[in-house]
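The letters A, B, C and D name the chains in turn, as written, and every chain counts its residues from 1.
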Amino acid sequence: MISFQSDYIQGAHPKILENLIKTNFEALSGYSTDKYCDSAKEKIKKSCNKSDAEVFFLVGGTQANQVVISTCLRNYQGVISAVTGHINAHEAGAVEYTGHKVLPLPNHKGKIDTNELNDFVETFYADDNHEHMVFPGMVYISHPTEYGTLYTKDELTKISEICKKYDMILFIDGARLGYGIMSNETDVTLEDIAKLCDVFYIGGTKVGALCGEAVVFTHNNAPNYFMTTVKQHGAMIAKGRLLGIQFDTLFTDNLYFEISKHAILMAEKLKKLFKDNGYKFFIDSPTNQQFIVLENAKMEELKKNVQFGFWEKYDDNHTVVRFATSWATTEEDINELSKYI
Amino acid sequence: MISFQSDYIQGAHPKILENLIKTNFEALSGYSTDKYCDSAKEKIKKSCNKSDAEVFFLVGGTQANQVVISTCLRNYQGVISAVTGHINAHEAGAVEYTGHKVLPLPNHKGKIDTNELNDFVETFYADDNHEHMVFPGMVYISHPTEYGTLYTKDELTKISEICKKYDMILFIDGARLGYGIMSNETDVTLEDIAKLCDVFYIGGTKVGALCGEAVVFTHNNAPNYFMTTVKQHGAMIAKGRLLGIQFDTLFTDNLYFEISKHAILMAEKLKKLFKDNGYKFFIDSPTNQQFIVLENAKMEELKKNVQFGFWEKYDDNHTVVRFATSWATTEEDINELSKYI
Amino acid sequence: MISFQSDYIQGAHPKILENLIKTNFEALSGYSTDKYCDSAKEKIKKSCNKSDAEVFFLVGGTQANQVVISTCLRNYQGVISAVTGHINAHEAGAVEYTGHKVLPLPNHKGKIDTNELNDFVETFYADDNHEHMVFPGMVYISHPTEYGTLYTKDELTKISEICKKYDMILFIDGARLGYGIMSNETDVTLEDIAKLCDVFYIGGTKVGALCGEAVVFTHNNAPNYFMTTVKQHGAMIAKGRLLGIQFDTLFTDNLYFEISKHAILMAEKLKKLFKDNGYKFFIDSPTNQQFIVLENAKMEELKKNVQFGFWEKYDDNHTVVRFATSWATTEEDINELSKYI
Amino acid sequence: MISFQSDYIQGAHPKILENLIKTNFEALSGYSTDKYCDSAKEKIKKSCNKSDAEVFFLVGGTQANQVVISTCLRNYQGVISAVTGHINAHEAGAVEYTGHKVLPLPNHKGKIDTNELNDFVETFYADDNHEHMVFPGMVYISHPTEYGTLYTKDELTKISEICKKYDMILFIDGARLGYGIMSNETDVTLEDIAKLCDVFYIGGTKVGALCGEAVVFTHNNAPNYFMTTVKQHGAMIAKGRLLGIQFDTLFTDNLYFEISKHAILMAEKLKKLFKDNGYKFFIDSPTNQQFIVLENAKMEELKKNVQFGFWEKYDDNHTVVRFATSWATTEEDINELSKYI
């Protein structure tokens, strides 16, 4: 059985395990104050070309979203997101749990539209009753989105401008950031991300780590006592080394980018395979997640040999399914897949 | 430089790393639904001799406290804790962040007193105005406590009875549970714990794991949709395997108990060393944390070769410091220490 | 200047003030434990024909929504509402502040559609990932809605059935309930409301009181220690008599229904006036709020002599405005209005 | 039966009812934007001699505490209070409900000690682990306290200085402020209060109003969009006139001070009565609440003719009870009382 179920089905990149072993008996201080965390932070800042950035390590994506959003917003503010955004749809209400509303905008293949964003905020402030409503204090986007799609540099720039105009924080969920940056169809670099938004995170969990997300405040704008708030959320781990060593490894010798590139290469092969065999795509995704429309009978047959994810019902006879590649996908996986489709 | 700074200064027990490597490329489902999590849960239930227990894995101790307490309490309830309890003193208000008050009782070397507990709750219900106050809905104790001390089986039984009498949940923080159970001076076993309380957790982070705490609801009493609440707290990790494999390893061939026993042995040696050299103990601790009263001059001298933790000021000339052993402490560490004291 | 700005622009019905004065120097116990609260509760239960109902008095509508929703929901649940529902649009995120998500359904003149409701919940439970999402635990509707519209008895019955099927609480916001029940175009009585939903409230603030909403749990289903939760929300007032005396007055000699009927009569006259003069209605409302489409020039002219509410932009040359009648609207107000339109 | 049960057992001062009637049919805008609110705010600012103060009206004391504290604190901060402070003991956890810890200091007849306050904060910042703890962000005191006692001007000045030194907000709960200011044994004026603290409130509910507390931010320091947060707490009322008219009345012709003075006069007479008859006082209170130690048999006998409040058990044969006077207490009440003691 081969699996394209998701990009978190295997453990960690071997170099990460190697470094965990190598450093295992070093006595290090806790709570991300160790030298590996320091080193990883410096490397990330350098990759971002942002000497005034501040980097923190958290364990997972929902946690990163929750901690960042609740820490950056004021009481009376909510966060704008595509209706399909992870925070709005698939985090069990983690943002609302912290007391803040998610303000949903229409979904365009996972993305928000810059004009709709501008209109939403403009209309809000034009409403005489807006002081009885939730203020838009932040824009949340994911890059790549939950549909594997990417914002263009032009779109990000426009969103950034709207945020500045209306004093909103721009927050980018980069749970799969590597796969976005290394896509063949993007003009957005890590430096662009770091330049255009106020805070974002570099996903580790889905890009080769056992766990971990590196939160980057891009311009000395981390909230006061951020680590205290992290603790308050139950999000601080005693052995911060686990996160530091992993990110230090990922940002040494371009590993993060190399393995992301590999996943993109595998995705392109997979895409070609389906295309060549006449399959229909639900969305034209330039990243590691591919959404295929399968006949239900075909889907059931395929399940016998291949694992993939259910996405949504297409019509009575068809289903949208997701195939995800990752740093761990092999040419053999693709070749094996070709036998069944 | 040798270090007795804490019990979380090294990585993981080598068998854990070994198993992480061995299983690294297996494609496993996410969110703790994999076979290693299943296996670990079964082993833990067996160790507890509780077939009707329900086990869940979380990443850290503050997180476990926060999720369990907020999920088990009703809106109008708070949790009773020693004033020195971790939730009251050192979690940055993680419990209050979820909307619940910590109701502090006096500290007796880290423990609460059973009579004071009973009086507190009795007085509460006797107060005509108690419906204007926070209801005691849970009792939180740590075993070992933050001072390394242990409850006797008799004390736990009494606390359990008071909880039943007043319809309160008994929750035991077992961040260092192994070191309590394997103490030479305890009559409390893991089975006793599982029998006497409603929910507890088995600490991994401080007992040989990279991270992870195993939360045990002892009698089919896990809150409905507990994992949804875990997600809502940002506490669910995609690669649940990281926790499952670690606990599966710790509960195979008694590893958890063996390495805890080792730490106790090292603590006893360390204790003897200080005693033989005429040092004064702040508390007579039967577990892996030892609290010594040092002359300030001696403390500064010692710091040059040994790492240990500041606990609190004793008087103008003395300081209480903490030496912690762990699964990773070696005879060599103890021998080296003997040179300096 | 005459005013149709809203239904809360005047003070209280004179009988209420009269009774406040009459009872002013009686020494009464606090926190809604006095005899007037008791009497009002009994009268309301009788009006509802529900001997097993439990009645509580709160100060305002947003408060009632917040307290009821947060008290009835479990941690992992959210509340379904029309996107235009007061809790979703105009309460500054009061529900989210308590940790719960509002799950929006499309708006049909302020109402939710029963089929869309059923589909939403059915789809939720059919989704393999629903344990990562917010569970629908309650349906919130307002009757009349924010657009003055009313559910039919058949619609309420269907919604009630869907709620029972999926174990959701049905909660009706009755901030303007009197104006709904006394509409000429409804088949829904107070008894129907009390029979079909789990909890609702009878609005006082907009129907003749200075403040106050009577929350009715319809079948001995008030959450445990509800008043403790009310206190916890800062929603309990010391002089509960202020609420008890007002509702006791409103539910004596059918006052609540009589003054609501009067407001409907005034609304019908106002409606006829606009219709006879060829004005266009935005919505055909059967209650005390009337939504008219005005040419912008006409609107500006009218503002010189009449107060009314801005609702929303219709097109570049037209605006939707709201005229509200109330228990305090007089024939003279209507006659005066006729001069200007 | 005469009653000294509390200071909220009667309705409102007759002048308040008179003005509610006089203004009843005026069409006023909602949400405290009416002219009576404006007028009341101006009068209060003038009484405080603070032209840069900002005044808001809320309904009750617990609500005022909750809204002010949660709005002023940052996520990582808690509020210092006497262990007996209303927010710590008798508000059902309203502060914790908003996510913030109450940090208790020892009680000295209801007051905190300035040295203990300074030590607490100094020790906090000296602790190496303080970033894992709740930061003290505010000091909450009540004046008069829950025991009827008062801070001296010197004490308030010291507390104010400590707050400034450690960047904490000083918040004074003035639920019974009138009775404090008009005490015969105080050197603290309303101007002093307004000068020394950052925010306080002037209690209406217990000083002649039906409900209402006037929150005063003393130096243009109201949090941004405070009214939006008020709404979010369910604390905004549609007919803000109810609060505006009451406070406008209370601050016209010194009514608030006159009726407070009257209550003090009655309290002095009551005190003398008990003293002359050899009763023992639990606390020497200079305000409207008097705490007497009664033999239990005497207490039961007295209950037949007089209402008073149970405070706490004194010993097996004695009980502490509370007698409260108010704006509404009459000489006749005192004379009547003299018959029974």
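Everything below uses one rule, namely that contacts are C-beta pairs under 8 Å (C-beta built on N, C-alpha and C of every residue); 3 or more make two chains touch, one makes a residue touch a chain.
Just so it is clear, the structure is predicted and the values come from calculations on it, not from any experiment.
Novice: Going by C-alpha centroids, which chain is farthest from subunit B? Tell me that one.
Specialist: When every chain centre is compared against subunit B, the largest gap points to C.
Novice: When I count C-beta pairs in contact, which pair ends up with more: A-C or A-B?
Specialist: By the number of C-beta pairs in contact, the winner is A-B.
Novice: I'd like to verify one number: the distance from the centre of subunit B to the centre of subunit C, where each centre is the average of its C-alpha atoms, in whole angstrom.
Specialist: Taking the mean C-alpha position of each chain, the two centres sit 50 Å apart.
Novice: In whole angstrom, how far does the Cα centroid of subunit A sit from the Cα centroid of subunit B?
Specialist: Between these chains, centre-to-centre, one finds 33 Å.
Novice: In angstrom, rounded to a whole number, how far apart do the mean CA points of subunit A and subunit C lie?
Specialist: Their C-alpha centroids are separated by 42 Å.
Novice: Two or more other chains touching the same residue: where does that happen in subunit A?
Specialist: Those would be 75-76, 91-93, 97, 99, 131-133, 228-229, 231-232.
Novice: Show me the residue ranges of subunit C that touch subunit B in the complex, using the header's touch definition.
Specialist: Residues in contact with subunit B: 31, 70-71, 74-76, 99, 131-133, 135, 223-225, 227-229, 231-232.
Novice: Please give the residue numbers of subunit C that touch subunit A in the complex, ascending.
Specialist: Per the touch definition, subunit C meets subunit A at residues 75-76, 78, 89-93, 96-102, 104, 128-129, 131-134, 310.
Novice: In the complex formed with subunit C, which residues of subunit D make contact?
Specialist: Touching subunit C from subunit D are residues 1-3, 5-6, 8-12, 14, 17, 20-21, 23-30, 59-67, 91-94, 97, 205-206, 210-211, 228-229, 231-239, 241-242, 307, 328.
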